[in-house]
Each structure stands twice: as C-alpha cells, then as structure tokens.
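Reviewing the structure listed below.
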Amino acid sequence: MDALTSKAKELLTAGTVKVVIGYGKGTGESRRPIFVRAAERAGELVVDAGCVQNLATYLTKAEVRALGRMAIVAVPSTLRSMLQLAAEKQLREENALALAIIDGDIRELATFDAIEEAVATVPDAIGEADQKMIDKLTAMSVGERRAFWAAELGRCVKCYACRSSCPMCYCERCTMDCNRPQWIPVASHALGNLEYHMVRAMHLAGRCVQCGTCGAACPVGIPVHLLTFFAEQTVRRQFGQKGGANAKLDYAMSTFKPDDKETFIR
Amino acid sequence: MSRVGVFICHCGENIAGTVDVAAVAKAAMDMPGVVHAVDYKYMCSDPGQTMLKDAIRDRKLDGVVVAACSPRMHEPTFRRTAEEGGINPYQCEMANLREHCSWVHEKGEPTTAKAVDLVRIQVEKVKRNHPLKPIRVPITKKALVLGGGIAGIQAALDIANTGSPVLLVEKSPSIGGHMSQLSETFPTLDCSQCILTPRMVEAARHPKITLYTYSELEKLDGFIGNFKATIRRKARKIDEKLCNGCGVCQQKCPVKKIPDQFNEGLSNRAAIYVPFPQAVPNKPVIDLENCTYFKTGKCKACEKLCPTKAIRFDQEDQIEVHDVGAVVLATGFKTMPVSHFSEYGYGKYKDVIDGMKFERLASASGPTGGAIKRPSDGKTPETIVFIACAGSRDRLKGVPYCSKICCMYTAKHAMLYQHKVHGGKATIFYMDIRAAGKNYDEFVRRAVEEDGVKYVRGRVSRVYEDNGQLVVRGVDTLLGAEQVEIRADMVVLATAVQAQDGAEELAQTLHVSYDPYKFFAEAHPKLRPVETNTAGIFLAGTCQAPRDIPETVAQASGAAVKVAGLFSQPELTREPIIAVVDRQPPPVFSHCVGCFLCKSACPYQAIEEESIKNRNGDVLKVVAKVNPGLCQGCGTCVSTCRTKAIDLQGFSNEQVFAELMSI
Amino acid sequence: MSERYILTEGSIGTLLEGLVSAGQRALGPKEAGNRIEIAEIKTFADIVQNGQSVVSAKGVVFPKVERLLKYRFEGKNVALDDVEPQAQPTVLFGLRPCEARAFHALDVVFNWDSKDKFFNARMANTTIVGLTCTQADDSCFCTSLGSRPNDTQGSDILLSPLKAGGFAAEVLTAKGKALLALAKVALAPVPLNAALIPPATVAPAFDAKALQQKLAAKFDSPLWAEQSLRCLGCGACAFVCPTCVCFDIQDEADTKQGQRLRAWDSCGMRLFTLHASGHNPRDKQSQRWRQRVFHKFSYYPERLGTLGCVGCGKCSRACPVDMNLKQHLADAASQG
Amino acid sequence: MAEQFEPKMTAFVCNWCTYAGADLTGTSRIKYQSNVRVIRLPCTGRIDFMLVMKAFSRGSDGVIISGCHPNDCHYTSGNYHARRRWMVFRDLMDFMGIDLRRVTFSWVSAAEGAKWAELVNEATNTVRELGPYKEVQELTAVGID
C-alpha cells in the first residue's frame, strides 16, 4: 500500500478531513479527478506521471466544499493555487490541507506557511515547449501573430472549458456573463473569441500560477495557456511580483510603484 | 422609452459661428429617445435656463443634454436648472461643443458632424443615467492654516473671528514671514513691523487660534470637511512653558558667529536664538547644526545658566494628528537665488546685494539700525544702482513672468536711500515701470520728481570692479540705445519672486495642482482665485503667484471667507459620483466574489468588508462595500473588478458603453 | 435491396473532383495536428477512415454562430434586413455512421413546432456519405443504443471498406444516387461474394430501452451528484456533440446597426437556466448533469420518438475531467 | 482622385488633467483635427482595459488614452494603477496581434493645451497613414459569413 493511500486512510479515519481530492483511474490509460470520502476506498487513489491536472479548481466548488474539510493531492502548481486562493480570501487553512507530490514522495502540508516554504523550493518555470512557442510568437511580426491567433481562436467554440478548469476562475459571475452592458459578445465569432481570451489573460495577469490546465482542457487544442503565461510573465518581468507565491495578497495589478518604468507614455 | 431634451447653445458666436447649430438640433431630433431639440443664443442666460425648465415641464422630459461649453464650466449650473425644472439634477449631461469643438476646429461640415456626434454620445449616456442623491457628510469646523506670514496670519485671524478654531502652522521658529523683514512698505512708507507686529501678537493671543511654530505638515489624509493633518512639531530643545524669553541663553551661548538668516547674513546670531526681537513666540530654539553640545556632547552653557531651567536637550520631535475641515495654503515665496547673476558679480563683490538685504539695511531694527552702509567696509554709498527685473521677464536665464512687486519696492528702496543719504545718487535700470495700483504710480513719480531718483530704461549687461569701485555697464534705450557706465558704491538687484522651496512636494502631499513655476494653481483664473481644484483647500498670498501686501491680505481674507462659508453649513453635501458594490436579492446577495483585490487599488481606503448573514447570524458571504464618506469616485476599483460588481455612479459601465456604442 | 457499387480510391478522387466542379464542397474527417477535424476534403488521402473528429459535423447545418437578421437604425425607425441562410451545397464525405444518424435528432427538434428555415435550407443542400467504422474506442457505445458501426440510417450513401481494397458504396437515397453520378465513371456493382472488412466490434454496455425505464424512477437518485461531483460545468460535451441543439439568441448592436445571432449554448452551464432574479432552477451541477442525461435518454424518446444521443462518445473524449458517458449510463442502467 | 480616408479617433481622458487640458486648448483657440471623439471619465484609473478593444471593435481606427502626469493624479494614484494596467495590456495586445501604432498613451496636464492639440494631430496623422482598422472592425462577421 503506497504512501498516499495510507496517508489518505489515516486522515479519513481520524476524521481530520472529510474528503480527499485526488487522481484515480480514468478511461483507458487516462487519469481523472476522484473524491475519496471513505477510508476503505483510499486505494483508488493513484500517483503517477499521468497526474498533472491542477485539482485546485475543486477547492472553490460549492458541491465539494459542502463535503467538509478537504485534503487535496497537490502537484506544485496546486500548491501555488492554494496560496493565491488564500491571498484572495477564497481559501482558509481550516478548509483544506495539501498532500503534496514533491519529487516522488508525499508531504502533508497543513498550513499556508508550510505551503509557502514548499513552493519556494520548487521551480515554477513554464515548460520548455511552451516557452519556445512564446519566444517564437514574440519573434513574429504583429501581423503574423494576428494571423496565428485568428487561426487558433477560429476553432474556439466558447465552451469555457479553459475557464471552468482554471483554479483562479472561481468568480460566480464572470465578466463574460455580464450582459448589462454586454462586455464581451456571447457568440463565438472571431471578435467574441478574441475579446474573451484577452479578458481572461488580463484577469490572470499577476494571478496565474502557470499550471497550464486551461490549455490542457481545451477540446479543440487551442494553446490558450500561452496567453495567460505571457500575461503573467510580462507582470513578473516588469513588476517582480507573481501569482501564487504567498498567502498574503501581493497583486501586481492593484498595487503600483511611483517609479514603474515604461517607455510608451508620451 | 426615455424622453430626452437637447438644448444647443450658440454661446453668441462662439459656437454658432463655427457649428451649424440648427443642423445639430435637427439631427438631435432624429436620435432615438429625443423628443425635444432646440438651439438658443445663450443657454446659461436667464431666459435660456427658463426655456430649459419650461421644456422639462411641458415636454415631460426625463433627461436633458445641454450642448454648450465645457461641463467643467457649467455642469453645476445646468444640473441646478434641471432640478428646478423638476427632474433629478443627475439626469442632465453636457456636450462640450465649445472648448472641444467650435473653438478648436475650422468652420465646416466635419465640425458640425463632430458636434452631432458629441450630442449623440451624451444622449446615449443620459438615457442610462439614474437619479442620484447628494451624499451628506459632517464637517469638522476647524481650519488648518499653513504658513505664518502676513497671508497666514490674516487668514487665521479672519477665520478665528468668525468663531471657528484655527491651527496656524509655521515652519520657522517665529511667525511674521517676509513682511517682518521689510523696512518700510510702499506706497505709504509706513514701517512694516509697526503694522505687522500687532497682528502677530493678536494671532498668538487669539483664543480661537492655536499657534504651532517650528512645525511642518507631514501628511494630509481625508477630504473636504474631514481632513486628517499629521503635523511634526520640531524640537526647540526648550520647554516653552518654562521659558520666559529673558534671552540670557543667547548672550551666554559660546557659539556666536552664525550668519543670521533674519538679517540676510548681514549680522550673526548664537546657536540658541530667537530669530528677531519681536518674534512670536518670543522663545529661543537650538540650532542643532551649530550647537557645541550637539556637535561634541559638551558645553550645556545655556542649560546651566537658564534661570527657569527650560533647556531640554533630550526633547524629541512630536507627531500630532489633527482633524480639520479646511486648509489654507499661505506658504509664501522665496527670491531667486542670487548665484544666478554671475554677470552682476553677485557673491564676487560684497557690495552687490539683493533687495531683501537692502530691506534689512534700511530697517530700523536691522544690523545698521537703518543706516545705509555697504557690507564691504560699512561706508555709506554715495552712488547706488538698482537693477530691476533681475531674473524676472527673462525667458532665457530667469523666469518668464513679471514678479510684480519689484518695480514698486525698487522705487521705495531708491526713495529710502535718498531720504537717508543726502546728496546720494540713486539710479535704477528698468525694462518697464509697472505701477498699477492705488497710489502706486504717484509713488513712483514722487521718487523721480521729489527725490530725484534717476531712471534709466535699459538692461545691465555687466557689473565689474575697476580699481576698487563697482562699474555698472548697461544701455539707455531712450538715448538711442547708447551704452552707459555708472561707477557705483553699491548695487542692488531686484531679484525675481519664486515659489517656495518644496512647493512641489507640498502640492503633491495635498493633491493640489501647480503651474510650471510650482506656484499653486487656483481652481479658476478669474472666478475661483482662492480655491484649489481640491475641495476644501484654499490659497492665500504668494504661494499662488507673486503679489504685494495689500493683495495678499485681500486674498487671505477671501480665502478666510471661503472657509467660513464652508463651516457655516450644518453638513457637507458631496457629489454622489462614487463607487458602489452591487447588492442582489438572495441567493446572490452580491455579484462581488469577495476577492478584495479592489481594496489595494483604492487610494482612499474606502473599501470595507461586509459579512452578509442569514437570520441565525451565520455568515453566508463576505463582500466588498464602499464607504461613501471616503470614496472620491476615481473608479480605479471599478476597472479592477473582474465580476463587474463595482460600478461608478455617474460614469457607470452602462453609460460608458452607451457612449462607445454611439461613436 | 439497394444498389451497391464498387468505389475505388481513384473513383472517389474523381467523385470529389466532380462534386467540386458541380459547385459543391466536400467536408469530412481530416487530420489536423493531433486531432481529427471536419474539414475540406480534396483527395481520398485527406479522409481519415477511423477515429472520431473532436467536434461533430453538426456545424454544417447548425453553425456555432449563425446570423438570423440584420437591422439598421434610421433616425427613430428600425430597418430590417432579412438574411437568407447560407446553404452552401455540401457533401459530408466519410462521415462516421453514428454522426450520420445524428442529423435526425437535430431534424426532429428544428422541425418540431415551427420549421427552422435556416436548418432546413442547409439540410436540403447536404449530402451524407457515411463510412463504416472498422475500429472503435472505450468511449464508443453506438451498439448500446440499438445502432451499429455500419448503420445506414442518416447516410445517403454508406461506404464499407472491401478486403480487396476500395469500398462498397451502398446507395440509400436519391440524393446519394445523384451524387454518385458525379463520379463520371461507370461504376461496377459489388459482386455478391465480395468480402468486406468486418466492422468494428463495440460491445453493448447497456440497453437504451431498459435505461429509459430505469431513469423514470431515478430522478431523485444520489447517483447524479455522485457522478457529477468532478464535472466542471463547461460546455465542451455539448459543443462537440452531434445532437445537442440548445442555442442562445443574441443581439449585437450599436446606435447605427445591429445583428441578431443564434449561438450554441449548453445546459451544462450555470448561466443556461439562471433567471434575471438570480434564482436558478438548476443551481447545482448535479441537476445540470441529470438534465443532460434525462433530456437525451428520457425526454427525447418520450416526446420526439428518438434518442438524443448516437453513442459517438465525442463528449467523453472532449471532457477535461473524463466524464465518460458510456460508463455513467451503464452504471445508471445497472443500478437496482 | 479618391477621397482621403478620415480615421475615427476615440479618446479616453480623465476629467481633471487631460479633459481640462483639452478645454485649455479651446480657450487658447489652438486648432487641431476634428476626427477625435472624447469620452470623459473621472480618472485614468477608471479606464477599463477592455474599453480600448471595444473602441476598435466598434469602428475606431485609433485610440488615445490620456490622464494626469505621475504625481499629479487628482485621486493621488489612479494614474499609477492605470499605468500598470497599460504596461501589461499593451504587451498583451501586441502579443495577440493588435497594432500598437493605433494606440496612443499620454499624460496631458490641465496646463498642456498645446500638447493636447499636438497629440491629437500626431495620432490622427499616424492612423490616417495606416488606413482603416478593418482587421478588428470586421471581426464580428468573421466566423459567421
């Protein structure tokens, strides 16, 4: 019986938590989120290379919250999400503890301080392929970039899988859902898609933990995560603040320095 | 469907001369929701406003667009009119056809087309306006006056005499300001201190005035009627209650060779000193840079000899926070640093001095007891040259503006010289003589006609020394631009008036705007000369622009009346242009998701947390709430809010979108 | 017994050329990166013969966004500009039989009370060439719905691969016959002894009829909450689904003009049933998941005489959290 | 010869500095091109980044955004927050293929009437050179027709 299973058993039996949010066997070889509420089912939990999705999304779901205190099997990005959610007053220590998967072994992190420590030690750079793609795009001419995104976003059907799977998209009413005024066209024509992804990227700038779950969720394979990654990176580059670093709010887009340096304001 | 009325103002020819107002009215009539559109010569005139009121009544209008001048000019006027007409004042918007259209574009079709667009934009906006109620906030009926010169003293006295308490803050050890340094004053030649000192004493004794000298404003929070002023009371290192101002300490202080600022360095003072004999309060302060004890840890002579044991070496600065309802800025001016005038030999030649030095020389309380003696050797100068506009009206090296007082005080200086030095020869180099003011020109004439002061119209190119004597080389433009050289015993520069050091920083602390020369900006050059564009902060004296004593006093009284007017209201009604976090019926309660990212975006700490509870008192949701007293309506929170739960009244998302959609 | 001809890869090529020169376009399952898309087919090689496209071919007759009308503001009046449906003559070539069947489920809705002019115009101009599946995956469950990998329903022609190469083209409708004519070559009938590559075997996971009966008693079952706990409430399933018909009507306007659009919507989304008051009759994800299941497997058969699902499994493959419909339905059917 | 293209310019300005500055342009009778339509907001802090996109998608060929110089914000720091927003949004627009030559950011104080005229003229000329911004204006039709 592996470390995670026994840990989950222990927590559930002791009643420390009411549910363990983790990964289980899915269709074929895939992994899917599961919610273990009884010690005897802890065996269904799986830890392997297939466990990449950021489950933090479930920490703010009413249905899951209703189950009681949560333990969540956490990859590094999940930990960063927990800190950002804490900073945004969406998660309290009594709500959830983390069962962090950090280089192979399982560590129980019950406080935000502990999570901050753990996060500080784990590199949070984005994947090489993604970085390459961003560099490639930034090297393009603006016209080429427009063409690239026109083609990619042309496939978007506004299913909002990206939004729904994003741990930071917990708003009960998204800008997309505002209709007085109608901020963003509901229809998934080119403008509606462009504006939707633009708003999403801006709203994640300074908050994105760079898990890439949004891109992975897209059924038609649009690399939407590159947009939030880029927005987050421009924040980090210019202001030295980043999403998911600590449980105290340090949101780049609602703070400022009088000597913020820019070159374009005349 | 709304019933909007559009009123296009000709503003005489100002708008109608460039924009086809009839065409605009016709186009407006075609806009959805518009039921009434007219053009008229002067909408702001009585008949114009009556026309507006009648239309609201007769055509049952629920919204009004006045297409005229800038809303910054007349929005309040027309909102009041709309209210008198029977609708909510905030159902009235203005389209800026003058400043933003007719005055800046050529006559023609595109300009009229723009005018139509500007009207359409406001029509679409006003259709989405909601009736708003002014916000009422209490007023702290206590004024803060910054600066203890004649302006500050006058303002403080006038406010105090209306019965409201005043906190008068002066950064130097005594009130009195520049005026206390002056000898006589034009155009009456009465002694400056003789008229000032009684005012200083009155201010100090006034039961409603609290005097904080040697103190500075650190920070100002809050808003009109409700400011919080943080003041640093610098340590004088003496106990003011015990000190009786006997002056023993000054006499006994071993350090004596410190240039005396009050006498412009023409005499010396001790390290513990009272700036001048008539100082108010008449209590010394220890100058930390020069005090032996603070430099070496030894001496303490003053402490030993003080009869009342008032010396306190361990005294610390004190920070106090005061609630005040209004602020009067009277921080005064400085004269242009003379280092500026190398070609006039300033600093090089002891006997080239500036006007303030001359004032001290001429002053009965000055280092020479009023006798005109030149600094180098104390000799009485037989010829003296005054150079007007030293820095003023000099785009290249100085300041482009006129310092306003120099013409008069230079005439006064020359006159005083002639009175004090019989047979002396005074020459004044000038550009123009600006003697506008009651009895001013007469005064200048007296200088010329009765006292024989010689006026040379021309600039001085150079002042140099020729075997121990100053030579002033200039040009006399009235004698066919011929060069003149005058050998003088003394030269006096009428240096330009400049904004006080630190004026810019202060303006930023107070959020008042300032002009390119760092003089504080009035809210309107003609109609609101003593207000700043920050409500509750007023201006008096030379911190706003160069001016003489009578004007300064008049403006100070003006500012005082503004403060008194503010304090005369039971409470303050503020524009309801503030942010609001939406509230919804259950189960939503509010679209706010409670992330509170808006909190750090708010410059006024106006965003609070509100717990929404059910009957049993358990918290269902914690959401943001805007404190209407603190919110100033900048709307920064609004554009930070992802759920669009915050909106700004008067500039709501719906209104702004409507404007955009009509472009 | 319908006619069956041999279509070689070559004759499919000429057929494709023929229909293009006849002013039609051919769309079909085509490789796009690591996905299959319904896209323009130019040559036989373009056609992917097995595996499912991510998004269904539904868009050909029911686009993700469709303009219903345009209007202009002329002074205080509104001028309507009627929009004619853009029904470009289209051949869906090599479509999976399950997708071919799906058009019927759309048809019954778009012609249920009022007749939808846009859908019908597009449908009339669409010819469907089905292609028998010889492979299937864990998400396929057509056989549980009384269908099969070589079902002819919905196709105008059904192609089935022959062991000897080429395809047996079974002509099922006049439309199909007309299309085949465009091949401009004499087509040989399929000899009776010609052997077909056997269709994929898809083991039935449940019985749709039985399920429908079960559901009647399962409205309040905890099962739905159990299954939907991980559901994120996005619309991926509905937007890739070949039978989902829900749409939203949106006006986009400024002060000069506007257009009225019909755009895909999904009952899986919270906003779908949200009232202006803030009340939401389907406030919980479990209620929305139940609605999805009941609508397709209970209300459709009851009210429209057909299932609202064809068992293609696209929803399961598209789901970011692996909501496997086949598995969840099997559980529902097997539970007491 | 074909008629010269006249761009639609939309300006979002704050009430206290740039709007007042533009008023001063008028009071000083400084002439500038009439293409611009000004939307007045209390502060640059109020300018939601999406308004810029909206302006384009609603037919603007160029957008001007202007407010108080750093330190001079009537609301003390609205313009600092705005500046950060622009620093990120501008990068993102560029990354997504929006032509930044069509967006002009500036600080125009209440005393800079001349600067406002200059700014509007320069921005308008630049955009006139670039021509209509079809790429964005026509997006509502892409994916439908």
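Observations on the model:
We just call them A, B, C and D in the order they show up, numbering each chain from 1.
One rule holds in what follows: a contact is a pair of C-beta atoms (placed from the backbone, for glycine too) under 8 Å apart; a residue touches a chain by one contact, two chains touch by 3 or more.
Here the structure is a predicted model, which means the values were calculated and not measured.
Here B-D and B-C are compared, and the pair linked by more C-beta contacts is B-D.
Ranked by how close its mean Cα position lies to the mean of all protein Cα atoms, the top chain is D.
Chain D has its Cα centroid 32 Å from the Cα centroid of chain B.
Chain C has its Cα centroid 74 Å from the Cα centroid of chain B. Chain D has its Cα centroid 46 Å from the Cα centroid of chain C. With centres defined as mean CA coordinates, chain B is found 52 Å away from chain A.
For chain C, the set of residues that touch two or more other chains comprises 64-65, 252, 254, 261.
Within chain B, residues 588, 601, 640, 653, 657, 661 each touch two or more of the remaining chains.
Chain A has residues 175, 183, 185, 187-189, 253-255 in contact with two or more other chains.
With chains as nodes and touching pairs as edges, the resulting graph is complete, every pair of chains being joined. Contact residues on chain D toward chain B in their complex (touch as defined above): 6, 8, 10, 15-16, 19-20, 22-27, 29-34, 37-43, 45-49, 51, 54-55, 58-60, 71-78, 81-82, 85, 109-111, 117. Across the complex, chain C meets chain A through its residues 33-35, 37, 54-55, 64-65, 137-139, 225, 228-230, 232-236, 238-240, 248, 250, 252, 261, 263-264, 266, 269, 271, 284-286, 316, 318, 320-322, 324, 327.
Across the complex, chain A meets chain D through its residues 137-138, 142-150, 154, 175, 183-185, 187-191, 193-195, 197-199, 201-202, 205-206, 227, 230-231, 234-235, 238-239, 252-258, 260, 262, 264-266. On chain C, the positions that touch chain B within their shared complex are 73, 75-76, 253-255, 277-279, 283. Chain D meets chain A in the complex at residues 49-50, 53, 57, 70-71, 77, 80-81, 83-100, 104-107, 119, 135-136, 139-144.
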